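What follows is one structure encoded as C-alpha cells, with my remarks underneath.
Per-chain numbering from 1; labels A, B, C, D and E assigned in written order.
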Amino acid sequence: MLTFLRRRIISSAIPLVVVVLGVFYLARLTGDPANLYLPLSATPEMRAEFAARHGFDQPLLVQFGDYLAQVVRLDFGESLRTAEPAAAAVLRAFPATLQLAGATMILAILGAVVVGSWAAYRPNSLADRVASFTSTTAASMPDFWFAIMGVLVFAVALGWLPTSGTEGAAAWVLPVLTLLIRPFGVLVQVVRGAMVTALSAPYIKVARSKGAGELRVIFGHALRNAAPPALTVAGDLTIGLVNGAVVVETIFGWPGIGKLMITSILQRDFAVLQAAVLVTAITIFALNIVIDACYALLDSRVRQGVTT
Amino acid sequence: MNDPVLEVDRLAVDIRTPAGTVRAVREVSFSVRSGETLALLGESGCGKSMTAQAIVGLLDPVAHVAGGAVRLDGTDLLTLSPAQRRRLAGPGLSIVFQDALTALNPVQTVGAQLAEPFRIHQRLSRRAARARAVELMERVGIPEPAARVGAYPHQFSGGMRQRLLIALAMALHPKVLLADEPTTALDVTVQAQIMELLRELRTEQQTALILITHDLAVVAEQADHVAVMYAGSIVETGRVAEVFSRPRHPYTRGLLDSVPAEVARGATLKSIPGSPPDLHSVPSGCAFRARCPIAGDVCAEQRPILVETGPGRLSACHHWRELTDD
Amino acid sequence: MTEPATMEASLLDVAGVSKTFHVARGSSGRNRLRALDGVDLRLAHGETLGLVGESGCGKSTLARVLLMLERPDEGSVRFEGTDPFALRGKELLKWRRRVQMVFQDPFASLNARLCAEDIVAEPWRTHRDLVPAKERGRRVAELLEMVGLRAGDARRYPQEFSGGQRQRLGIARALALEPDVIVCDEPVSALDLSVQAQVLNLLTDLQSRLGVSYVFISHDLSVVRHVADRVSVMYLGKIVETGPTEQVFDRPRHPYTAALMSAAPVLDVTSGVRRERILLKGEVPSPLDPPSGCRFRTRCWKAQDVCAQEVPPLEPSGDEPLHAAACHLPLQGAAIG
Amino acid sequence: SVANSGPEASSSGAANSVRIVLPEEPPTLEPCDASLTATGRVTRANITEALTERDPGTGQLQPALATEWKQGSPTEWTFTLRKGVKFHDGTAFDAKAAAFSIERTVGSKIDCNVDGYVFGDVKLTVTVADDSTLKVKTAKPDPILPLRLSFVEIVPTTTSATGKVREPVGTGPYKIAKWDAGRSLRLERFAGYWGKAPDFAAAEYVWRTEGSIRAAMIKSDEADIAVGLAPEDGAGDSAVQFPNNETSYLRIDATKPPLNDIRVRQAINYAVDKDGLVASVFAGLGKPAAQVVPEGVTGHSSAIQPWPYDMAQAKKLIAEAKADGVPTDTPITIIGRNGIYPKAAEAMEVVQNSLNEAGLTMKIQMLDVNAWLEYLLAPFPKNIGPTLLQAQHGNQAGDAAFTMGQIYGSKGAQSSYGTAELDDLISAAEQDSGEERQAAFAKALEYQNKEVVRDAVLAHMTGILALSKKVAYKPNAATNDEMRLAEIHPAG
Amino acid sequence: MTPVDAPAIRRATWWRLLLRDRFACLAVVILLVVAAAAIVGPILLGDLAIKQNLRAVNRPPFSLDDGWAFVLGSDSLGRSLLARLIVASRTTLSVAIPAVVISLVVGSTWGMWAGYHRGWRENVSMRVADVILSFPSLLLAVVVLYVFSPSAGNIILVLAIARIPIYLRAARAESAELQSRLFVDAARTFGTGSWAIIGRHVAPTVLPTLFTVATLDFCFVMLTESSLSFLGIGIQPPDMSWGLMVAQGRQVLQSAWWIAVFPGLAIVVTTVSATVLASWARLAMDPGQRWRLTLPRSRRKNKALAEEVQP
C-alpha cells in the first residue's frame, strides 16, 4: 500500500506540472488583463507600465520560470483584482467548496446506493421505473430551477430557510439539495446498472443459500462487487463539485472556489487562477489516489494486480 | 425405518425463454431419509441442477416452480414465507452449487464467507465465527487454514474453491445437503477426503445427502439410492447396487455401458446415440424413444409412468421387463 | 519428413518452465507462490499426454503457459522448435490457430453476452479464411452436434445451458479452428458418461483422422487411462512422475502416484468390495512455503532424511527407459488395485 | 422565523443596522480605486471622503473636506480645508494628509483606477500652504479640477504610498468593523465623525450575484436594501426605480464599408425602434435617448432629439447607398456584451432584426467583458469586418469632458472614428468653464449627432433597487457609484 | 434455424422487445419527434421563430388568442416560443449529440484500450485524464475564443474534451477488470487482436454503463453549451438552442416562467427519453436480463403458479 502511494504520488508530479504550465500558458493567451484593470481611458504608457509591473512584458518562459521560483517559496503571487495574496483568496474559498462538495457527495452516494439498489432489485419493476424516472428527471433539470424555486418556496413563501448565505445549518439545505440532484441521478443509474449485474452473479445465490436476508445479500454481497463503476463515476462527480459548483455558489452566495475560478478567468486574474487550479488539481489527484486505493480495498484482485 | 426428511412430490419447473415457457423439470418425485444418500444421475442437461435449485428455492429468476411440493420434515417449503425459508437455509437445507469457480464472492475473504452462516444463524461474534471458519477450512483439507482465512477466492485453485464451497454447505450441519457435482474439480485424493467427510456428516449428523454426479464410481461407493433422470423426469429409481447391476430402463443401461474403464485405450467407447429432446418440443410418449434400442409403438403413444419393478424400485419404461434378463 | 534419428520429433517441448505468482503474504510471511517449478514436458505428434495431479498443483497454470496466456519466469517453450513467445503478426496467428485450449471453468470462459453460435464461431472471426462466412452457420451446427448439442441451441446463451452443456460449448469452440494441439483442462468433468463417451470418441477420432495431439488434464483417472498415451503426474508445481500410461498406472514409482491411483473410486457394482486405499496423511503443504527437498515428503509414508535434504531429480528407471520418477526411494513396480 | 437568523440579524440588533445586499463583493476598498463601481459604492462618502462632492441632483459641487476653493490662476487652485476632522485612527485630517492622498492617487505608481479615470494625463503639483490650506497646480489650465478632486478620497499619511490597501482608514461617517472576505462586510458608525451622525449604527453588506435572490432577501427580511435589480427579479412592491446615469448606445465603426457611408449610419439610427426596445426588452424602464450625455451632466444638449423610428426612411437611405455602390450586403457584426445591462442579448436581437429589415446583413456575437473590451478599446482587433458595438456609458463625474474625448475624439480610447472638426470642438470645450463650457460641449454633441453620426444611442437606463419596509432611502443618479449610508434612514 | 436469416430474426426480436416495453416505446416516439423537429423544423418554422413582435411580448402560454403558434406563449421579444422550441432543436442536437458522441467514443475507446493493456498505457492515460479533469474547461473555452475563431465546431470540441475523462476513467476501470476474465483469455488463444477483443468482449459490457452516463450527459452538455455561448463561442443569436433559451429565460423565471421552463422541459424530456431507452437497451442487450422484457405485464408469479399446479 505504501509503495502504491509513493508510486502514485511520484507519478502525479509530472501531470501536476503539466496542469500548472498549461494553465499558466493558456491563461496568457486569453487577452491582456490591462484592459480590465486600467481605466478605459488608460494611456499606452500606463499599459506598458502595468505590464512591466506584473511582468507581462517578459517572454512567457521567463514569466513561468519566475512563477515556479515563487511557487517553490510558496508564494503564489498577488491578485490583480483584489491586491491580496492569491493563496489567501484560494485558501479562503476552497474549504467552503470542499465542505459543500463533501456534504453533497456523501448524501448523494448514500441516497443513490439505497435507491439504485432498490431499483436494481427487480429490474424493470414498478419500483425500478419510479426510482429511475424520478431521479433522471431531477438530474436533467437545469439546476438553477431548483435553486431559485427552492428559495422562492422555502425562504420567501414559507420562511423556513434562509435564501442564501453560509451561516448556520439551515443555510446548507438548499445549496446541498441543489447540488445533490445531478450526482444523485447519475449515481442512481450507475448503481442500478452495476447492481443488476452483481445481483445475478452466482455468488448471490450462494449467499442466499446461507440464509442471508435480502439486505445482507444486497449490501453485504452485491454492493461491493457493484461498487467500482459507481466509485469511478462518483469520483468524477466529486471532481466536478471540487472544480466548483458555480451555479450554487453564485445563487446562494457561497464563497467557493468555482466562483473564484470563473471570476479569475473572466477577470484574467492569473495569480489567483493558477493558485486555484493548483489547489484543485492537487485535490483531484489526491482524490483519484484515494479512489484507486478504494478499488484496492474493495477488491483484492486489484490490490495485487492479479488475474483470475 | 424413519420417515423421509425430504420429500419431493411431483415437482415441476418452468423456464421462460424467448421462444416461450418450457418445462425443464416435470413431475419429479423422490425422497431421502436422514443419514441416507440419494444419487441423482442423468444426462447432462436433463434438469438435475434445476431440481436441486428448485428444492432449495434458489432458481434463477427466469425459472420458477410450476407445481408440486417439497416437504422438509413434513412442511411444504413452497408454502413458506421467504423469511421462514431463510431460516431453514443452512441448518435445514443447504446446497453446493455446480459453478464452484464462480460461486464465491470475489471481493470478500473466504473467511468472511465461511463465517457468514454462523453469523446469520447462530449470531456468533465476528471472531468466533471466524474461528469456526478456520475449523471448516481445516476439515476440508485446506493447508494453513489460519493463514488463508483472510485470502480471497482467486487465490485458491479450482479444487480448493470447490472444497470451500463444500465446507460452506456443511457449516451448519444441515438436515439435507444437496451437492451438485461437488467433486468434479477435485483430484481423487481430495475427492476421497471429501467423500469421507460427507460420509462422516451423514453418520454423525444424520444428514441426508442428495448427490448429483456423473461419476458412477462415486455413486456406487457413496449412495444408498439412485434416481436416474432423463429429459426432466425421473426414469428409474432404486437401490444403487440393484440399479447398477440390473438396470430396468434403457437409458440407465446405456449410461452404464459408457463407462470407459472397461475398454482398451483409444478404442471407441460405447455411448447412447442421438441427443436428448429439445425442451421446446418434447415428443409425445416416451422422451427417450428416439434413442432407445427397444422402443416399440406404444412408446410413441403413451408416456410411460414410474411403475414398481421390484421392491423399492421404480422404472418408467414400457418395456422394462425386456431388460430384466440382462 | 526428416526426423532426428534419436527421438521422435516432438511437437511441443517444455523445458524447465517456472512460474511464480505474487500473492498476499501468508502466515509464512512469503508472498511468492511458485506455481510451476522447473516443469519439463514433451508432446509428440498425434499423441495424448495425460496430466494428473492434486488440485492446485499447477496443471492449469501449465496449460496457460502452453497457450501463452502466462509468460513463464524461467524455462523455454518450443513448438516445432520455435519459441511461440517470439512470434509476431502472421506467424503468431498461424500458431494460435494450431494450438487451442478447453478451459477448466466452463462458465467463466464463455462470454455471457454471446450466444452459442457466436461463441463457437468466434475463432473464425479472427481466422477469416478458415470457414467462409456462408458456411459458418452450417459448421456451427455441425460442431454443436459433434459435441452432443443440438443445432437449435445455437441461439441460446451460456447461462441458459446446464454445466455440462457449457463445457461442450467450450470443446466445440476449441475444435472450431481444427488445431493440431488441444490443451484440454478438465474437458469432460461435468459430462455424464454417455456424453463423455461421445466426446472422448470424438477426440480420439480426430486424433486418428487428423493427428491432433492433446494435453489432457483430468482428475478422472479412468478417463486419463483411456485417452492418454503418456501420463505426467504433478505435485506442488513439479512433475513427479512421467511415462507411458500403462507403466505409470500399473507400476507407479512415485509414492504420490501410487496414492493417487489407489484413491480413485472404481465402479465395481457387483462385488461391492472396496479396494485398499492409501490414505495420505497430513495436509497438503502450502505452495507458498513448500517443503525442502522432496515436496511430497511431508505426506510420504516412506520418507527418510535424504528426502528433506535433496530435491530428487526426475530420472528414468532402468527397465522402463521412458518411465521417469522424481523420488529418492521409488516404489518397485508394485501394482496397486 | 429561521430566515431571520442570518448573520445580519444575529450579530447586531437588526433595528440598529442597515443590511445591504450588493451584486458583487467589492474587490477592494482601496479609496484610489473608488471609481470602480463595486468599490466606490461602499467606500465613497461612507468610509472615506473627498475634498469636494458633487450633488447628483443639481450637478453642483459641494464642500466636503474642503470648505471652499478658488482658482488663483488658470493653472492654480487653492483649497481651504475643514478643521476638526479626524480619521478613524484618531489622527487629525490636515493639508498634509490631503496632499499625500492626491499624490498617492494621481500619477503614482500604484495604478489607481481613479487616476486613469479622472485625471488621465493631467499633471498636478500639490503644495501644503498651511495645515488647512492646500494649493494645487496643473500643467494646463483645468477648469474642472475641483470636480476631478471629488474623486480623490482622503486617507491619512500613514497609508501605504507604494501599495494598495484593502481596508482603508478614512474620515467618513463609518469605519470598517469586520470584513469577512467572501461573506460579509460590516461598517460601524464612527463616533468621531465631524458631521451629523448617521441614523444607523452599523451597515452590514453581503453580496449575491443573482438578482432574484437579492430581491428575495428583501422579501424574506434578510436585507434592507438590494442593489442593482432588474425588472424581472421579482422585487414587487419593494422596488424603487431611479435614473442611473447610464446610457446605452451602439458604436458604429464608421471606418469600414458599408458603415463608412453616413447614409447607412443614419439609416441605422432610423431603423432602431427605441420605444419598442424600451417598452419590451427593458420592460418599460429607461427612456429613449438622443445622446450619451444625459441631463444633469455639463454639456447635455436639450436640442438633440432622439432619432425617430422610421423604417421607410431607413430602407430608402440604404437603397440609395446601395445604388451608389456602397456594399450594403457586407455582413456587419454586432459585438455584444452579456450582462452589460439586463437582457443585453435580447436588445441586440431587436437591433439585428430591425437592421436586417432595413436592408443590412447583421450577425451577432455576444462576448464576455474582456473579449468585448478588446473591441471597445483601441487598438482594435485586426481583420474584423464592420462592427456595431454594444456599449453603455455612464458619466459619474457629471462633466462631458469625461465623455467626449474618450468616445468621440478621434484619438479617444474608445473611439473608432472621429473627425478633425469634432476634435477641435471638443478640445475647445475642455478649456472653457461655466456656461461656455456647457454650450461648447452641447455644440460638439449636436455636431456629432448631425454630421458624424458615429453611434446610435438607444436609451437612458433606469436602475432598480429594493427597499425593505424598515428603511427609507431615495436613490439618485449617483447611487450606483456612491451609496451614502448617511442618506439611509429608518422608515417612518 | 438457418443461419442466413439470423440477422433478420435478431432484428425482429429487438422490435418485439421494444414493443413490449411501453416506456421505451414512448421514449422512442419522443426521440423520433425531436429528431423530426430537428430535421424539418427549421425549414418550416425558421422565419416564425425569429419574427419579433415587440407589441406582444411575454404572452402567457396555453391560449390560442394569438394563433396556434403562440400556444406556448411568446418570449420577451414577442417571438413564438413553440416555433423557437422546434427550430432550436436542430442546433441543440447538432451540438449536444456530436459533443456527447465524441466524448463517449473517444473516452470509452481510449479507456478500454488503456484498461485492456494496463501497464504504462493505463498509467499515462489516467494521468492525462487527471490533467484534463483538473483543467478548468471554462479556461479552455476562453482560449478557444481568443485563439481560434469561435464556431459550433469549437464549442463541440471544448465540451467533448472536457467530458472525455469521465468516459475514459469509467471505461478503464471496467475494462481492466474484464481483461482478466477467462473468456478474454479464451479469445486471446484464438489469436484475436486486442482491438477485436475490446470490441467483442469488453465493449458490450462496458458500454451500457457509459451509455447511461452519456444520456445524462446530454442535458449537462445542452446546459453548458449555453454558458459557453455567453462567452461568445458557438451559438449566437439569432441562432437558438434550448440551452440558450433556458439561460435567457433564467432572468425572467419569476415574471415569465414559460420562457425558461419549456425549453428546460424539452431538455428534460429528451434526456429522460434517452435514459429510458438506454436502460431498456441495457436490459435488452444483456442476455441474462433480456427475459425481463418479455414478462407479461400483469405478471404475478404466484398466480401463474396457482394456475399451473398439476391436477
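Assume contacts are C-beta pairs under 8 Å (C-beta built on N, C-alpha and C of every residue); 3 or more make two chains touch, one makes a residue touch a chain.
What you are looking at is a predicted structure, and each value in this text was computed from that prediction instead of being measured.
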Identity of the chain that, by mean CA position, is farthest from chain B: D
Looking only at C-beta pairs that count as contacts, which pair of chains has more of them, A-E or D-E? A-E
Where the centres are mean C-alpha positions, what is the separation of chain B from chain D, in Å? 90
When the centre of a chain is set as the mean of its C-alpha atoms, what distance in Å lies between chain B and chain C? 27
Chain centre separation (chain A, chain C; CA means) in Å: 52
Where does chain D touch two or more other chains at once, residue-wise? 212, 368, 371
Mind pulling the residue numbers of chain B that touch at least two other chains? 17, 60-62, 99, 102, 152, 155
Where in chain C do residues touch at least two different other chains? 23-24, 105, 107-108, 152, 159-160
In the complex, the residues of chain B that touch chain C are 15, 17, 41-49, 60, 62, 98-99, 101-102, 141, 143-144, 146-148, 150-152, 155-160, 162, 181, 184-192, 195, 214-218, 220-221, 240-241, 244-245, 254-256, 258-261, 263, 265-266, 268-272, 275, 278, 280
Under the touch definition given earlier, write down the residues of chain C that touch chain B in their complex. 23-24, 26-28, 52-56, 60, 104-105, 107-108, 145, 148-150, 152, 156, 159-165, 167-168, 186, 189-198, 200-201, 204-205, 208, 219-223, 225-229, 245, 259-260, 263-270, 272, 274, 277, 279-280, 283-286, 288-289
Can you name the residues of chain E that touch chain A in the complex? 21, 23, 118, 123, 126-128, 130-131, 133-136, 138-140, 142-143, 145-147, 165-166, 169-170, 173-174, 176-177, 180-182, 208-209, 212-213, 215-216, 218-220, 223, 246, 250, 253-254, 260-261, 264, 267-268, 271-272, 275-276, 279, 282-283, 286, 288-289, 292-293, 295
Quick check: in the complex, which residue numbers of chain B touch chain A? 53, 56, 58, 60-61, 82-83, 86-91, 94-95, 97, 99, 102-109, 113, 116-117, 120-121, 152, 154-155, 165, 168-169, 171
Of all residues in chain C, which touch chain E in the complex? 64, 67-69, 92-93, 95-97, 99-101, 103, 105, 108-115, 117, 122-123, 125-127, 134, 136-138, 140-141, 151-152, 154-155, 157, 159-160, 170, 173, 177
